[in-house]
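Quick one: the structure is below, and I'll ask about it shortly.
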Amino acid sequence: QGTIKVAYTDPLSGPFAQVGDANLKQMQYIIDYINSKGGALGKKFELAPFDNKSQPSDALIALKSATDQNMPFIMQCSGSNIAAALIDGVNKHNDRNPDNRIIYLNCGAVAPELTNEQCSFWHFRFDLHAGMKAEVMVRALPKQTTKVYLINQDYLFGQSVQREVKNYLGKLRPDIQVVGDELIPLGKIKDFSPYITKIKASGAQALLTGNWGPDMNLLIKAGIDAGADLRYYTFYAHLAGGPTAIGAGGDNRVLAVMSYGENVAPEIGNKEAEAFTNGFREKHKFDFSAAGFRTIFEYLQAAVNKAGSVEPAKVATAMEDLTVKDFLGFDTKMRKEDHQIISEYFVGTFKKGVKYDAEGTGLGWATSATILAKDIDQPNTCKMKRPGA
Amino acid sequence: MNMLRRHWPWLLAFVVLLAIPFLFYDWSKGRHSGFVLTLMSEIGVMAIFALSYNMLMGQSGLLSFGHAVLLGMGAYCAAHVVLLVKAGAFWLPTELVPLAGGLGGLFFGYVLGWLVTKQRATAFAMITMGLGELVSAAALMFMGFFGGEGGIPIDRVMDTSVLGVRYSSPWQVYCLVLVWAFIAAALMRLQTQTPLGSMANATRDNFERAQFVGYDPRMVRLYQFTLAGFFAGIAGGLYVLIYEIVTFDTVSAAKSANALLAVYIGGAGGFFGPILGTVVVVLLQSGVSLLSNAWLLYVGVLFIVMVMYAPGGLIGLIFMHAPIWRAGRLRELALPYARAFPPALLVLLGFVLLVELASFTTIGAAQGKTFTIAGNTIDTMAPMPWVIALGALMLGGLWLRREARSFRERWDALMEGAKADSIKRQIDAGIAIVKTQEAVS
Amino acid sequence: MSTGVAATPAVELREVRKSFGPTEIIRGVNLAIPRGERHAIIGPNGAGKTTLFNLISGRFAISSGAITVNGRSTADLAPQEINRLGLSRSFQITSIFPRMSVFENIRCGLLWSHGYRYSFWRLLGQQKALNEAADRLLERLKLSDRRNVQAGLLSYAEQRALEIGITIAGGAEIILLDEPTAGMSHSETESAVALIRAVSEGKTLIMVEHDMSVVFGLADRITVLVYGEVIASDAPAAIRGNTAVQEAYLGTVAA
Amino acid sequence: MEVFVVSLLNGLVYGMLLFMLASGLTLILSMMGVLNFAHASAYMLGAYFAYTISVHIGFWPALVIAPLLCGLIGAAIEMWGLRRVHRNGHIAELLFTFGLALIIEKVVQMTWGLLPVPYRVPELLDFPLFRIYGTQFPAYRAFMLAISALMFGAIWLGLTRTRVGLVIQAALTHPDMASALGHNVPRIFTLVFAAGTALAGLAGVIGGNYQVTEPAMAFTMGPIVFVVVVFGGLGSLTGCFIASILMGLIQTFAVVFDVSLADLLAKFGFTVTSSTPFAEVLNVTLPRVGALLPFLLLVLILVFRPRGLMGTRDT
Amino acid sequence: MMLEVRDLHAFYGKSHILQGVDLSVAEGEIVSLLGRNGVGRSTVCKTIIGLVPPVGRIDFKGRSIAGLRPDQIAHVGIGYVPEDRQVFPGLTVKQNLELGLKRAGATGSWTFEDVFSLFPNLAKRQDNPAGVLSGGEQQMLTMCRTLMGDPDLIIIDEPTEGLAPKLVEQVGTLLDEIARRGTAILLVEQKLTIALRISRRLYVMGHGRIVFEGTPAALADNGRIRKEWLEV
């Protein structure tokens, strides 16, 4: 009877609202699609959004109300600090209330810790973690680049990006010199010009950053405004507000390590995916970047059907080592040891002359590299504690 | 026995508070409503916090914008203590974790107090604000003690209880909160009747004069501030046990503001005012915020209305009836109230509907929520609901104006009846309670 | 009390000077006030009488010179510390605790001298001795019927009385009163004078007053201060006769 | 050198923005003694009004209309709200403005949504004015400097050429006496409050597109403005001006210098290892603490000089 | 008559303070209003200048001023010196005086020089904050501040309060000087000495109403009134 409730918590207000808002819209769009494909066990999925203002404590309150209403799943994307708190909370809740457990579906919090030191049986991550993204980013650096500058947000995720990127630079590109490397407070800075000044002075050719939300957009905006001669290697320049911030001035300067870009589908000639993407563009007059979310629900659908119930323990077990062919037709796998998805990934370059432009800027993300799941695999140190076992 | 006769209200209150959660008990699943318990626990904690804030604002006329620092510091200390205990560094019963928080608060209360109590009036308000911002910024910066953006998560199940309770369930925690809340409240009430408490009032009323009766007002304030820190710290300790995580928002200005709001809405100075205020504020924040996106707006409106029409706070409003009550003619107000009620309700409904319509068309939509009353969804774009809302608002407004006039006449008449001097005392008391301007100007 | 101590004046000022910025207000005042004397300080407006009080009671620091209370120099003492030496003052502009009850006002005056200090564990309600002392004083001030009224709501005259009450509550040996009867009507003035006479019995009283009837009625000795300098310090009769005083201060009125 | 000059410019721009905001508050806080928490909200309103107006009519009309609107709102607030509240004391006033701030934030969210609005710099000014050391200096920033300079002049005249300041101060202690001397106290209060709000509004028009126009902008700007006013010293426009510039420069230059206390100690041959007590505090670099420097300064100045830089009376 | 007050009533909350006061002041005349504490003299003043809402008729120069705002009343030419020296403590002596002016920088028949020559103390202190002035100096300042606006009628409430005997005389002469310059005076006093000496007519006030009106001589003869209402 009824629906399968999935709690979703993300910043829907505050500086990062834009990201949460975009996520929510895309999530809704995808759920409608999944439900039109029959949902799971004949039930439809229903999304219950909770605003967490980017604060762990609020996320935990969301978790409380989710469990109060016996929701079997909670989903969260933005903020590894919040993810960490959620994992911790979910663990405690689940072993204190065996009769009312919940699974945490992580749609974007990508600090590697979460599936290593902190890995949990109740947590599944559906986005490549920062270590993997960092490797992709470093491989994307052209030969002539010799001096890079690192800016990251001062919290779990930013710190991990800082660590991983430096790690892979050391491994893969010893020729590159890190001329600057710093952490900035999360979502507080309104004008990045001072940083740009500093970066220019350092003589860096490329700026590597894991920033997201305003910390990403304002950073690049300041750079473009100051006319700094830099290339920007980012994780999240393609998220809401990014393209607008870059604008025409950023032609061929900005790269994004991304799970999907709107031009991927036409480039690989996948009509179905292109149609699906356009569907969203039509509906919301807004770019569609979260193909990963669709994969999540396809996993959920499969797992629930396989488990024959929404009982979290059963679903979690069913989810392990599950494989799904995502809507672009690539193979993906939910790795059993650490509950980290292994999927293909893309590098996009922001430039003119693409089929689908971003945020009406006339420029858009052209896929400059595609990395297949098998090449992404990275080892993990997770010691999973399974209930009962 | 006579003890019992004197303090029965407290006991009664305790029992009632213990009982309330059972009204929401879910018998089918055989478990308490986690939400209600958390809400009630929150009220307990914030009540302590508000009372400790009142030790500054009400008792000493010190307007602080950084009181949450003491709460938060207490919380962080308690959290670290819990971690240490779990790591086996030393043994401490779970029941005493709040005390650990209290000592933390005491310490920081003394240190910070030493800095700020030199200042008075606006300077004090500003320096406490500065400290508040400073600490909350630092909390994001120093991983070691504050755990940065992630905060410090703990597991309250320490298995060190002297009562053999695990505190795995919110209910057990709620009971602990309740006990501590009563202890703290009682202590703070007594403190007002000690020499220090009395001199705190004196320094509030006339800073300089206090010197010429042999007291160093600075010291009076410092000790008062330190004690306030202690109780805020206890609140912090309990906070940790409830949420099992401390993040920078426990030290944030928003939290400090909460205390101020609670105290003022309830009525500063007195003892029950702050508690009353806390209940209102928390219900608005945690309760209404779930139902409505616009809850902040309601808080704002409530505030402005209170400040403009009931400077004595809710307690003040209640006190205004005292003379009539003593004259034993409260009954005669029943009818006027009854007559004023429907229009008031109409206005309220109209206003709420209007606000909700507005908020759902924008915020609600953005958060993927739809406006539903009793199950059926309202189309916020259709003109009809708006018309109804506006209509209710205006109609109610006019009607209320009429009723209010007759109400006032009745009221004045009754006041006349009640003994004149007692009125004066009560109302002046009501106003005096609020006139903390010495604190700021 | 040994003669040695008795010999040391209650309050002694030596070459006391005070300037605010460029202007020197107190210009080298020498004054010794023996124990148990009722001493009045008169002088034209702006002569520095209140300032002198402020210096003695430690409200302002002196620019140069020395002040001793019971032989102890007050140079490095804060007001409260001087008060603890047994010197208590009242204010020209009424200074009470407006939002506390009359009773509490008086009790605040008593607390320190009864040794309560900053105690936050003893309940005032249970301190019989303290509360009785406070009530006794209220009796003498004729304020008993106003006991629980907010001090701020008292009439002007009552507030003046309370002002005196707070000042003497601590049982200080040395009492400084700044224009205690200012703004009182004749009858009020008379009762105030009676009160002052009573409470200053066997104590050292220093007072500033413009009402000559009060001054000549109370004082054993009178000091005339004109523009920060003592032009005369003598018995009332002598002062009344002193021509310099007449033309600097009294004018024809009181003469 | 390059870094220095460019940062100087950036700092100046930010400082001037702060000044535009703070000047309004100086009027209200140091003249009327109202801790106006809704001041930053007026700033936000200014920005949003400017956005809407510039979408329909254009930026230049907005530059005039938006501040006026804010001024009117301010006047209304003073006449129908603050005035009543005034007699209940300063805390009451403060809470009143606090309530206002909450309401305004929500109303803004309801009318313009939760997301930032695309309030852009006008084309006319959207070009690099000049280049120093290869860094472009946007014309709009120069424009900001100009406007705020004008404001400074205007307020200065207003305060020195009229008795408004005196009357208000007088009215704060003895309102009855002030009016008995023939001054229409209520009207002057309204004027001052309206003026202050209008200034905040103007700051919003100018600052909204330089920073980001979002519902949180009031909240983020609020505290720093108080810091500036109090640091500069109540009742002193010059103090406020200096403080603003100072804060602007500090925050900008803090970013530039990657030094930490540890480095400082190292100069004295004392090396900080992870074992040394407070190692974390010692190792944190200037750019990371930049955000909290203003508050540190505030606390320090209040401890050592409660009247602020050039305050005419104790805060 | 310049000021005509007919059947004036005033209330504080519910307490009926003025219960039908009649009095009048002619151009350039000095009139005193005597009475014990608390009979309501100050209230009369406050009611005339509009600080207390009046019930009854108040005409000034033939037009009714009842119900006008204090600042408006000030502008029609009535000056007020309150009993409790309301100097503006934060402002300097000079600024206090400036605020007395009706229009910035426009001194009338009373200039800064006049004031400073009359009260050298103030001259010395002109740049000090008024708050630090001695009690007496504050008293003088309030009086001079009102004079700066040169009113046609000045209402002075207990000007000699807390003044040294010598100064009390000085105030007497000042009042003469004011009257000489053609300003009418309504003087509220307790000390009979000056009042009897300088005023042309006197009113004695009992509880909330006038109990005696007449010349100083007449009052001097009327022992009953003096006993009953002036305790002398």
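Going in written order, the chains are labelled A, B, C, D and E, and every chain counts its residues from 1.
To be clear about the criterion, a contact is a pair of C-beta atoms (placed from the backbone, for glycine too) under 8 Å apart; a residue touches a chain by one contact, two chains touch by 3 or more.
Keep in mind that what you see is a predicted model, and the values were worked out from it rather than measured.
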Taking each chain's centre as the mean of its CA atoms, the one lying farthest from the centre of chain B is chain E
Quick check for the class: compute each chain's Cα centroid; which one is farthest from the centroid of chain C? A
Higher-contact pair (C-beta pairs counted), B-C versus A-B: B-C
Rounded Å distance, chain A centre to chain C centre (Cα mean): 77
Cα centre of chain A to Cα centre of chain B, whole Å, reads 39
Between chain A and chain E, what is the gap in Å from one C-alpha centre to the other? 80
Averaging only over C-alpha atoms, locate the centres of chain B and chain D and give their separation in whole Å. 30
What residues in chain E touch two or more of the other chains? none
Can you tell me which residues of chain B touch two or more of the remaining chains? 137, 141, 366, 435
Two or more partner chains touched - positions in chain D: 109, 114-115, 172, 288, 291
Touching chain B in the complex: which residues of chain C? 57, 59, 78-80, 83-84, 88-89, 91, 95-100, 104, 107-109, 111-113, 116-125, 149-150, 152-153, 166-167, 169-170
In the complex with chain E, residue positions of chain D that touch it: 162-163, 166-167, 169-170, 172-174, 176-185, 313
Help me check something: in the complex, which residues belonging to chain A touch chain B? 12, 21, 24, 28, 47, 49, 51, 55-57, 60-61, 64-65, 67-68, 79, 81, 84-85, 88-89, 92, 96-97, 99-100, 154-156, 185-186
Name, in rising order, each residue of chain E that touches chain D in their complex. 49, 51, 69-71, 74-75, 80, 82, 86, 88-91, 95-96, 98-100, 102, 104, 145-146, 149
Note which residues of chain B are touching chain C in the complex, please. 190-191, 193-199, 201-202, 204-206, 208-216, 219-220, 223, 227, 424-425, 428-429, 432, 435
